[in-house]
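The next part holds the structures, each set out as structure tokens.
Shared between the two complexes below is subunit A, which pairs with subunit B and subunit C, respectively.
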Partner chain A sequence: MLLAFVVGVFYGGFVRKITARVQNRVGPPVYQNFLDILKLYSKKTAINHGWMQHLGPAFAITASVTSLMFIPILNGTGWCVWFENLNFKGDLIFLLYMMVFGSLGMALGAGQTGNPNSAIGVSRGLSQMVGYEIPWVLAIVALMLQTKTTSLTGLVDFQVSNGTWMMFESPFAFIAAVLAMLGMFHYAPFDVPFAPSELSSGPASEFGGKYLALMMSSGSIFSFVKLVLIVDVFLGGAANLIMLVVKTFTLYMIPVLYGIVSPRYRTEQSIRYFWGWPTFFGIVGVIYAVFVR
Partner chain B sequence: MNNIVLILLILSGGGVLSFLLNRVNSQLSGLTAFVATVAAAVLFFTGIGTADNLNFTLGGMQLSMEINNYSWIFGALILSFSSLVMLYSISYMKGKDRLGYFYLNFMFSIAAMMGIIFSRDFISLFIFWEIMTWSSFLIVVYQGLSEGRVGIKYMIFSAIGGYSMLLAIVFMKAQMGTVLIADLISHFPTFALQQQTMVGVLLLITFGVKAAVMPLHVWAPRAYSDSPMSYTSVFSGLLSKMGIFGMGIVLISVFATSSETFGTNTFYISNVLAWLGGITGVIATFYAVIQTDAKKLLAYSSIGQLGYIVMGLAVGTKLSVMAALFLAVVHTIFKGTLFLVVGAVERQAGTTDMTKLGALIRKMPWTFVAALISIIALAGIPPLAGFVGKWMFYESLIVSDHYFLVIMAFLSSTAAFLYCYRFLFGLFLGQEEKEFENVKEAPATMVIPMMFMALLLFVFGVFPGLLFEPIAKGMETLGMGNVDWSMTVLGNGWGDHIDTLSIITVIGTVFMLAFIYLGLWNRKQTRYVTTKDIHTSGEIPTENENLTYAVDFYKPFERAIAPVMKRTMDFYYNHLGEGLESFFNFLRRFYTGNGQTYALYVIVFLVILILFSKQIFL
Partner chain C sequence: MINDKNSRKIADIIQDFSRKHSLFMLAYGTGCGAIEIPPTTTSRYDAERFGIRGMATPRQADVLLITGYLATKTLKRVIRAYEQMQDPKYVIGFGSCTINGGMYWDSYNTVKILSDYIPVDVYINGCMPRPEAVITGFIELQNLIKEGKANGAEQYKENLEWYRENQRKVIKNWKMPDYNW
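Moving on, here comes the complex of A and B:
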């Protein structure tokens, strides 16, 4: 968990640096996000808008930590004594739902603040989620059909024992998943829900101090979870920590680099985008999986 | 006395009694109905067994009523759920007029539902089915007949359902000489192809109308939202389940294993039904997303959820049927609770329009908690019971190779998050409005049933085995062979499984830690401010400035799905209706009502007869 936190936060720092360089600025140091989070944790929170605002970030961190615990980070046995067997007790569909839990909780918390920007952000975010979830689920279903397992460890084992990566075994599903991933990470052009210049960061706009700190840590862990998930599913998992970092970082650069040079979509454009080519590739992937196995 | 008769008598007698007592005191009326339901429930849970049966011969046909493991699930659900609703009803209906009328019909529909599940032959099934239809129709029109012809629509569709069952019964009688369900099951494989199709489709139409499967659903949204909320929770929670009950018998017992074999006749019927269920799920969910009235939102969402259940039954593998029945029970609990929540809001705040309401969370905290838990279960988020059902459902579809159906199911359940959030946000969160400043929490008799059901959702989420046990027994009665189940571990056919206990442990621990940190420790340092005191980029909103974002909440989503929504099923039915009307107008030209014209027709007919008699009679 600590690892996930550290890596997640550092990736956030890298993104800020890279963005700055692309935009011809110097940018903050890579450890800036650490400082931010530390500062926020030590801050006193002055106001609240009621119970749901307390619960929102709690839901968010619950979702990201729980999904982290049910994901096999490294191949082979569990990497930590405490949570050794947990990843055998959940599976992909459980994870899909667990990952939604956080955003829904955060959305509820944001809802209570009564800030119209938050509400607009949530409405956009959920709408967009319906968009990218379709190609993503298609890709996952294609994999499940091909490997005849729905558990993550099963998928990793399949790839290890066959000495191949699902990325090559099921290329169409991979394309669909990567395109869906663009939406999942909410970088431009899919930063519709947060849209700093329109909505003053949308759902998060009323959360300060410790709330924001918890939400930032949860967000960092969560992006790490998503990356590890895709690495596990498509890139054959990782045998050791260095491979894990290399793989996740490479993957992470796809939405980041694509995002830096893109403007923002409107919400319906974004949904339509996901229901276009990504879904097409997803369907091709499913059909391919049925014929291949 | 026979327990079956006794239960039916208690229920219908309670209805009549509460109708009469309403003359004395209107409070007494609700109380009587509640006591009668509880009494029937107690009798059902303690006194009834498979030994209780009732056989008699009527007009040369053998009729029979008994209880088996499959109907026990539904019976238990009906009686326990309606007891809770009756308790809720006492306060909810307080001060409304025509209470006697309401409770009479309410009790009659409960009695009719119990009759349906007791019936082992189609004649008594048909009779109780019609009683159920009529009593629910009378409640739908409780608030008046005029608006939108809701009652008429409901009646027409119920009549279609009723007549197709009647046709099926006539056919069965002609073909086999009996109307027992058991006889249909044993004779069905000997039928010819067309006969199999006819009986199957006719019965499925009957049950499909009640389960509101597309394209037979158009009566449902308005009928659900127009009846009093305490009845709607029974309407959507239980009456629709009677359709599921019947479908289970037809799809699993009658079609038997032939529905799983590719290429047989019933396989196609089942698959068409599964697809209809999927389409229902998606379209109804889209409609639910764009509603502005909380009642209608829930009504559409019910239709969508029933689409899943139908899909699960129609797919017909062990896991999918288990998932469907599990979802059926859980759906009754959470959708029932949500309708009760809306009822409480309607009673306390006077409206259910989500564009007007807001920020009731501080006024009605307990109602909010019940709503939150039910919504989490509806969305299928772990660790609540909805997740268990959804998980089994998806796994069963994937394992049995229905990969495009699973995508439809995922699409509709992801889109369901939209209306889930809309519901909570519209009623309980958002800007506080002056208009609703003095809203109070609902009375305890309304809050207790809601909280109790929310608790049940939690229990069934952690220990789904409590529900698996009766369901597995019921499925064995239906003829599905031996069904495996365990208390906390769910598995699919590929050997993957999840463990609800470890899930709840992890979620519980992390959540409690975060909650203690934020909710208890951090909360002390903060002070509460109103929802006007927010970040507005430096502008200070004036007192009367409206900061609520509630109208056209999902406009972008609406734009994105616009092509799908262009035509509603209503549109086609209305066109059909108009077409029929103009056809009848055309006929009316001949039947002018004038004696002279009819005389002319007779003469013309005779002339034709004489002229062409050689050709005709040769």
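Moving on, here comes the complex of A and C:
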């Protein structure tokens, strides 16, 4: 968990640095997000809108940590006996539900604040989730059909024992998953729910101080979780930590670099995008898994 | 261990360090000074180097940046925004208008001296101050935080009666919610 936190926060710092370099700026130091989170934790926080508002960020971080517990971070038993319990023999379908839980908790918490920006942000975020979950689930279903297992470790073992990566075994599902990933990370064309210039940061607009710190750390952990999950199911997992960092960072650059050069979609444009080509590739992936393989 | 005197001091130093290097600003763009904020934060002058970052809502922000003159009508909104911010919070008065009224010194509906109404930690002089001056003002604030002198929010709490009296003189129909800080 500490690993996920540190790596996730450093990725956030790298993203800010890379964004700055793309925009021809110097940018903040890579440890800037640590300072931000530390400062936010040390702020006094006296906002009270009701008990659900206090629980919302807690739900979000609980969901992130729980889904972190349910994905195998390294292949095999890991390089150390203490890390053995990081390889829970997890089930992919359960994980799909677990990953949505954090967004729902945030939605409930933000809904109670009564801020109109939060309400609009939540409705936008949930509609966008309906958009990208469909190609994502189709891609995962294609994998399950192809390997005839719903276990995460089973998927990783399948790739290791056959010596291939699923991204070559079922390329259409991989394309669908990557396109869905663009939405999952909420970078630029799909940052519809947060939209600082329209919604003043959307669901988070009434959360300051320690709540914001909880949400930032939860977001860092959760982005690491999503990356490790995609690396596990499509890129054959990682044998050691260095490979893990290389693979996740390469994968992370897809939404980040696509996001830097893009403006923002409107909500219906974003949903139409996800129900277009990504869903098509997802369906093709399922057909490919059933009939060709 | 936390209550031990030396370790308390170390914790304060770490907190002040992170506070100093991560200033989320809420730019209250009332006057013409708001035009200087985009160049300060974008590619040319790049305030993000110093950890200065724009935030969209008062709940998330640390620094309230009053850019230029305040009309008596907007003072109410500034006070509400300021009181919604979470401690520790700082205010930067931006431009001559916040110091003594500037070119609006004889206007009937602008607030002349900002520090009568909300506590100001740093003033940036000029009409308009250039982005270099704005960044210098932020670095001045960082130095004050490092020395532990940026305590405008505590002064506001101590002298609340005095500030409220001044505010009520300007805002005739006082219908303000009470925020819990």
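As a working rule, the second predicted complex is superposed on the first by the 278 of 293 C-alpha atoms of A that agree within 3 Å, B and C clash if a C-alpha of one lies under 4 Å from a C-alpha of the other, contacts with A are read in each partner's own complex, and residues count from 1 in each chain.
What we mean here is this: a contact is a pair of C-beta atoms (placed from the backbone, for glycine too) under 8 Å apart; a residue touches a chain by one contact, two chains touch by 3 or more.
Predicted, not measured: the structure shown is a model, and the values here were computed from it.
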item	value
When subunit B and subunit C are modelled together on subunit A, clash or fit	fit
Contacts of A:K43 with subunit B and subunit C, given as first, second, both or neither	second
Partner chain in contact with A:E133 - subunit B first, subunit C second, else both or neither	first
First (subunit B), second (subunit C), both or neither touched by A:M243	neither
Which of subunit B and subunit C A:V160 touches, first, second, both or neither	neither
Subunit B, subunit C and vertex subunit A (Cα centres) - angle in steps of 10°	110
Partner contacting more residues of subunit A (subunit B vs subunit C)	B
Which superposed partner A:T149 touches (first subunit B, second subunit C, both, neither)	first
Contacts of A:L108 with subunit B and subunit C, given as first, second, both or neither	first
Superposed arrangement (fit on chain A Cα atoms) - minimum subunit B/subunit C Cα distance in Å	5
Doubly contacted subunit A residues - partners subunit C and subunit B	44-48, 117, 200, 205-206
In the complex with subunit C, residue positions of subunit A that touch it	16, 20, 23-28, 32, 34-36, 38-39, 42-48, 117, 196-197, 199-201, 204-209, 212
Residues of subunit C touching subunit A in the complex	14-15, 17-19, 21-22, 24, 42-43, 46, 48-49, 51, 54-62, 85-88, 180-181
Residues of subunit B touching subunit A in the complex	358-359, 361-362, 365, 372, 376, 379-382, 387, 390-391, 394-395, 398, 401, 403-404, 406-407, 410-411, 414-415, 417-418, 420-421, 424-425, 429-432, 492, 494-499, 502-503, 506-507, 510-511, 514-515, 517-519, 522-523, 525-537, 547-550, 553-554, 556-557, 559-560
For the subunit A and subunit B complex, residues of the former touching the latter	44-52, 54-55, 57-59, 61-62, 65-66, 69-70, 86, 89-91, 93-94, 97-98, 100-101, 104, 107-108, 111-117, 119-120, 122-124, 126-127, 129-131, 133-134, 137-138, 141, 144-145, 148-151, 154, 200, 205-206, 210-211, 214, 266-268, 271-272, 275, 286, 290
